[in-house]
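Labels A, B, C and D are assigned to the chains in the order they are written; within every chain, residues are numbered from 1.
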Amino acid sequence: MSKLWGGRFRKEMTSAVEAYSQSIDTDGRMVREDIWGSQAHAIMLAAQGIIAEDDLREILRWLEQARAGLESGEFRLKPELEDVHMNVETYLIEGAGADLGGRLHTARSRNDQAITDTRLRAREEIIEIERGVAALVRVMLDLAEANADVICPGFTHTQIAQPITLGFWASAHASALARDLERLAAAYGHTNLNPLGACALAGTSFPTDRALTTRLLAFDAPLEHALDAVSARDFVAETCAVLAVLAVNISRLAEEIVWWSNPAIGTVEVDDAYATGSSIMPQKKNPCMSELARGRTARSIGLAAQALALMKGLPLGYNRDHQEDRQALWAAFDAVGPSLEVIAGQMATIKVNRQRMAELAGAGFSTATELANYLVSDRGLPFRESHHIVGDLVAKLIEAGTTFADLETTRRLLADAGHDIAADTLRSLLDPAHAVSNYRSLGSTAPAEVTRMIGALRSRLDAADADTTARAQQIEAARKLTAEIAAGVTGGKALRELLPAS
Amino acid sequence: MSKLWGGRFRKEMTSAVEAYSQSIDTDGRMVREDIWGSQAHAIMLAAQGIIAEDDLREILRWLEQARAGLESGEFRLKPELEDVHMNVETYLIEGAGADLGGRLHTARSRNDQAITDTRLRAREEIIEIERGVAALVRVMLDLAEANADVICPGFTHTQIAQPITLGFWASAHASALARDLERLAAAYGHTNLNPLGACALAGTSFPTDRALTTRLLAFDAPLEHALDAVSARDFVAETCAVLAVLAVNISRLAEEIVWWSNPAIGTVEVDDAYATGSSIMPQKKNPCMSELARGRTARSIGLAAQALALMKGLPLGYNRDHQEDRQALWAAFDAVGPSLEVIAGQMATIKVNRQRMAELAGAGFSTATELANYLVSDRGLPFRESHHIVGDLVAKLIEAGTTFADLETTRRLLADAGHDIAADTLRSLLDPAHAVSNYRSLGSTAPAEVTRMIGALRSRLDAADADTTARAQQIEAARKLTAEIAAGVTGGKALRELLPAS
Amino acid sequence: MSKLWGGRFRKEMTSAVEAYSQSIDTDGRMVREDIWGSQAHAIMLAAQGIIAEDDLREILRWLEQARAGLESGEFRLKPELEDVHMNVETYLIEGAGADLGGRLHTARSRNDQAITDTRLRAREEIIEIERGVAALVRVMLDLAEANADVICPGFTHTQIAQPITLGFWASAHASALARDLERLAAAYGHTNLNPLGACALAGTSFPTDRALTTRLLAFDAPLEHALDAVSARDFVAETCAVLAVLAVNISRLAEEIVWWSNPAIGTVEVDDAYATGSSIMPQKKNPCMSELARGRTARSIGLAAQALALMKGLPLGYNRDHQEDRQALWAAFDAVGPSLEVIAGQMATIKVNRQRMAELAGAGFSTATELANYLVSDRGLPFRESHHIVGDLVAKLIEAGTTFADLETTRRLLADAGHDIAADTLRSLLDPAHAVSNYRSLGSTAPAEVTRMIGALRSRLDAADADTTARAQQIEAARKLTAEIAAGVTGGKALRELLPAS
Amino acid sequence: MSKLWGGRFRKEMTSAVEAYSQSIDTDGRMVREDIWGSQAHAIMLAAQGIIAEDDLREILRWLEQARAGLESGEFRLKPELEDVHMNVETYLIEGAGADLGGRLHTARSRNDQAITDTRLRAREEIIEIERGVAALVRVMLDLAEANADVICPGFTHTQIAQPITLGFWASAHASALARDLERLAAAYGHTNLNPLGACALAGTSFPTDRALTTRLLAFDAPLEHALDAVSARDFVAETCAVLAVLAVNISRLAEEIVWWSNPAIGTVEVDDAYATGSSIMPQKKNPCMSELARGRTARSIGLAAQALALMKGLPLGYNRDHQEDRQALWAAFDAVGPSLEVIAGQMATIKVNRQRMAELAGAGFSTATELANYLVSDRGLPFRESHHIVGDLVAKLIEAGTTFADLETTRRLLADAGHDIAADTLRSLLDPAHAVSNYRSLGSTAPAEVTRMIGALRSRLDAADADTTARAQQIEAARKLTAEIAAGVTGGKALRELLPAS
């Protein structure tokens, strides 16, 4: 099939070349965006007198038909038409005729058009991810609230370190994920800029109005500089990187659930709905959702590297390499989006074994720091000395095959080291629950402090949610405005009465 | 739908969880392999007396039906059945009944089955890539042969350095790609090992015969150690890395064609069939295939990083993260495979502008080294001194706004520096064609040496090709053997008469 | 040498283990920060009555001595002391004695201390990078201003596309780099949060005041949640990714300079001070700085992947893997920082060959779009039709071995196609300078528009600069405040008189 | 300081540019190699009559002095001399005078020289890594042998799956690492090729003898094609990737040790010499070496991505980006080399808690598969049915709050399901040790099979070791030969009497 850009060419592509160079696979995700962008562009052309209002009417009629055909399945992308842009334009030309349809591409190039579509789609995907993160944060905060004073082991180096509360642990993940929301919002800001009107690379001699398309497409602002507008893909790399950081954060939660599900740890058990069995071992119950989320993080990391490597050393101006931007971007959204939903579901239904948590929280001499602190605050020892004394005590208890649970031996060894501590005091010091309630620093694991932090994180989350929603509404309003103008023009109204006041 | 492994479970998965954890997308590429593996496994079970020969007959009948159904489109994978293994086994159970169909999975686990299928598929993909590389090497050698003495500019630092021949340049790419063939063959060797029989992770108490499945599936050897067999994915990372190195090699050729197509260089022009136009600039002819090949290299790089990051820090034994191995592996084959075909086509049809090549080969004082060498060999100067003299000469010519083409000025400046050279000698020294023919070291750009190297590279290529073909034939023979045994058993013959001598 | 944490241990490390686990190499970059953090921590401990004011005096005296010793070279880090923290604390204990020195580590852990130091150092490195980017942007804007109306070729697909101005090209890079400044500022915001006081992972039972250390160390806020504070390294991955995006932007400029320096293009020439020669080819002048900047971009990309892979699947709480954060972070700053300076210097001194630029700007039928646009705006053709007509015209001119320069043939072919255009009009349409001045869309290459954009970019840059400076001043003020308190206490003043009002 | 290549230049570099472009940091690792390469080159030049034998004598004298000065510390690289090559040549020129010293660089370029040095160094680093891997494999095999029948839990999905032996687990790591040895040997083969004599890119008109330098430098063969020889860095990417795969394999062992050291698992304890304590928690004993090895794997992954991204899209011929090859390569060796030694030490001294292993091996219904297999082999059930029966049994036992240890309940529930099994038989089936000894498939965990595999792996290791040693000896012999020729020539002997027979 002859290409729309084929005037200069004397030979057709082979089918292998066509298959290789088409971008239908990735463009399929932004057909709606291509049509919307074309509607906005056509309205602007007419508003500026570059095309006639009668021509606009026909163009909008056929674009609307394409949009409806897309939903009904009647309009389908053909790979031999290379990309979504040529598909939509061909649809228009076949419908409205070459004389009318051929006017849409005035003062536009595929270079600005493709990246406009990509940005329109990407911003909505970012919003979806933000919603997924927010939902997961909410689940973690609910879990934290319900377990604000449930004692559980705190780990460093994957070894039992100090007793904490489960609410403290769950809210730590919420605190980390809250930063992902900030990064996503920033990536949104770099994404939601309007390149339309940059044309091939240099702008145009037609008197276009880029503010109008910016408004109709709900972009935050034009990406003014035409050469930058068609060349830049930094928002792609930034978004892929932000998604990879998010995926890594999820993978850390996933890793913990995998190991905590191991019967030897046994502090949590995922719901049957979030586990799978073995084809050979009848007893197995595997925390597969966490394993998959962890594994897919590797995709996210690879895609961040890909998006960066893609643009390394490319001269300005559109290069066909740019076509690969969407391959990376869509894959990056898909690599992490579903994990958010499934992990949120898993965490909302997870069973907590409080008894096992308490047991482990007291194991491994976890309250040794409290004892050392006591020697500092009550006996005036320098911390280093008290640290050494308690370290030595632990070594002696291990050699004796016992633990802090053996209060008498513990007391005796301390007394031998010159530090006589009353049994009640010592019992209290070595009790995980007491240790936890005794914490008092800002951000600590003390239940009251955890409760305060949950409240603060809920406030941050509400603000982030409100911002996400406002952006989604702005997009929806602009889509509606464009549709209304299109319907109005098609219905015979004068364009000037339909346009928003500038 | 109830899972085959569901005996221990009291709750169904949600659809989001099912969608998340299914691997149908990537498994779709190895259904034929899963059936073949099941045929081999079933034959082995019966040969060892673990299942009855009558049962084998029925199992093979239904597996054959699945295989035929796959080709006819009647047998399609259902995502709710989780993966290819459960699909095939369910097909069998629904056909042959639970009593018979349920016997196939004896002495097998999805852990060894999945990686068996993956290896069976991957080795064939490697063979396809090898064929693609070989075809590209052949094109480059043909190009080299046809242009063994065509003078063209040789670049270092992207600056004109010394005159070379186009045949020298083209054979350099062939020489590099020949190493890719070696790496691919090594990756094949690490791929084509039989994990089947490792079961879940520890082998089995059934008296299996892994040598027989190895033979029926054309594996080079069993991957003996059962725990290693189900845990290892180093062949995935190795293969992805080898494909990435290959992609990088292609990207370098692509980069050169992109720039050489720039009219200001203008040494080559891709055929219309391998170029695309612009939607806005009617005059444009873009070397898009090379740009795409270069851009897709970023995918290959990202996938190598992904395959490595995937396995980092995973404990031995199957983890669900392993499921992501195929996602990376198939994507890695797809990222580079089509580039091979298209770039080979592009290079086979590329137009060479010999005049422009000769022009640039003589530009940029490209024969300065020859002049410096002459001062060493004929006048006995140390190379450093002659280098300095010629460097100074070049600077003076530039300041005077002229080049070596101005023989008189060149002679005079040399004479001023104390080195009188006869005009004829100097003209000859500064002539690119003379310089090229004057080379005499092993591996140099001298046409005779280039011709010799083309011959040597052809021999290496033929050997590699023969190796690839031998491997492909071995696979085909084993597939045929399995099919014959299956047909024989189904047709009522005794298994022992059909088995190969061990 | 016995470790400060060694109470529980019965055996020394081997030297291989010591060498392997020490972090002196990377810690060497944050000794000043460790001392500052210790000063702030000690002041806070005394302010809260956790240590005595007399003890504070001695501690501050010895910390000041360490600081001075660091500058004089008298205090050097010893690898056998494992890390910077143990070095400083050991210096203190050896100086002030175990009774006093051993009190500093009260209510602190290496877990919060290490990441505090890292954040203190990283924020200053980010500021340095911001200054480097700003300087490069300024150079590009100066270059743009000086060449706002210098005609040069605009490329797409590395092929000559349309005439633009050099000012337009240079300001495009400035426009892109301005977004890097935004990303760096955001990364700064995620970096400059205070983890000190989180202790091991859970906070502490000592009544610490994290707001005070936040103030003394010029952090923007505490990173409240103790477990998040010691676990999080997302700012490391974010910063590495942001630096990689920046490096990629630089690599694109570098690529252009490399190719434009090729004599066959010849539009620019780097100053001798930014080029290197060849050891064998006396005539060579290589744009090595750009090649190095491009090559080092690979480091930046690899480091972003590294920072992400590092944290994948790590459970919360400090893990020794975290130690690798600085390895990645410092390397990431070093990979791109020097490139900024050198490329800025190269671009400030680059020679522009205006004649060659004009020549290429008119080559390759670069004004074809203008001709097509004219057929639309003046003759009322649909753009697609005019595009086809001009495309066909170009093909015919190429077949005839001529170009737009042959005005007569061009006119005749157009007339044959039914479009008679007056010679003057046609000459004007096909003139690159006229085309450029004819552009009128927002963000276009028209000199007036370029000048406007340069002004707008300067304003953005000034605002970014002011922000960077304000942050740097805030840090300096806090450093001074800490020093004054330390001097005051050491000099015998009461701490309460020296502390800032809260 | 004026550069040796500076004849054409009229301006010096600034110090920032000098600092930026020097490669002393990475070249410092191959000074010995540069000198050896220069010796071989000089000997070849004289052997071919390109320089006089008298000149050779002086050149060799001064090169030997440089070599000795390097060891004594008297000869140090100066950054202002740019790289190792210019340092050595300058040393020679300053010593022997410009007339003599200036002759060494005849028929050579830094382009071939740099990559010669890099390959010479890299091959020795690969040998070191091979030795490190072999030592680790040996430790794992020793551990396996000493624990061939020690029962321990086998995991899949990090959940207890089936009982295995510790010897089986340890030998699985050995089996995996054995493939790393194969990949390293292949990378060695691609590394140990001689590019010397390729000169700038095209060879030379001097009658060089590349076979002689190949012999003197113990290369396996010349890398014939001159343009390929100076352009190719695929061996760098391959080596970095191979090292990354190795690092990932180590990280998996590291992960297991980290978690198994957790007291709640408690199956192993690292020796005090391989653990570290906490600065705040006196009781902590952290398996830091494993954590560091796991963390450094991220470096290895990043470096593989870097080495690939570096060469993407680079045209043939030396580009200054190539200089970054060593940065990646040396870092890649350093990222994994020390881990090998330290992890080997850790594994050689690790304490195994056999009792805890046995306990966990029997937990989690780990012998369920055996029971299911029994219903197949003894009762003739299809595996799927027996799998479902045992799965249901496990669910019922869990609901009843008990395990297989409650033999009576287990028997009763089986009987209810229609399968009466004698108590003795059932006890035996559910006993982990019995299960393990009952395995009989090739590569299974049965102690006898593990012992057989250990033997087979030792044989493979011995062969690999022998190969490594043979290569190291070949290098040493060539180094000695070169030294003897140099000493002979310097001592006045005729070169022809000293050269090896060709």
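Keep in mind that, in the parts below, a contact is a pair of C-beta atoms (placed from the backbone, for glycine too) under 8 Å apart; a residue touches a chain by one contact, two chains touch by 3 or more.
Remember, predicted model here, so these are calculated numbers, not experimental data.
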Quick note, more Cb pairs in contact for B-D or C-D? It is B-D
How many angstrom between the C-alpha centroids of subunit D and subunit A? 36
Quick one: subunit B and subunit D, Cα centre-to-centre, how many Å? 23
When the C-alpha atoms of subunit C and subunit D are each averaged to a single point, how far apart are the two points in Å? 33
Residue numbers in subunit B touching 2 or more other chains? 4-10, 105, 111, 155-158, 161-162, 199-200, 259, 277-286, 288, 291, 294, 297-298, 301-302, 304-305, 308-309, 312-313, 319-320, 369, 387-391, 394
Which word fits how the chains touch one another: line, ring, star, complete or other? complete
Considering only the defined contacts, which subunit D positions touch subunit C in the complex? 3-14, 16-17, 19-21, 82, 85-86, 105, 108-111, 113, 199-200, 271-286, 288-289, 291-292, 294-299, 301-307, 309-310, 319-324, 327-328, 338-339, 341-342, 345
What residues of subunit C sit close enough to touch subunit B in their complex? 155-162, 258-259, 261-266, 277-288, 291, 305, 308-309, 312-313, 360, 363-366, 368-369, 372, 387-391, 393-394
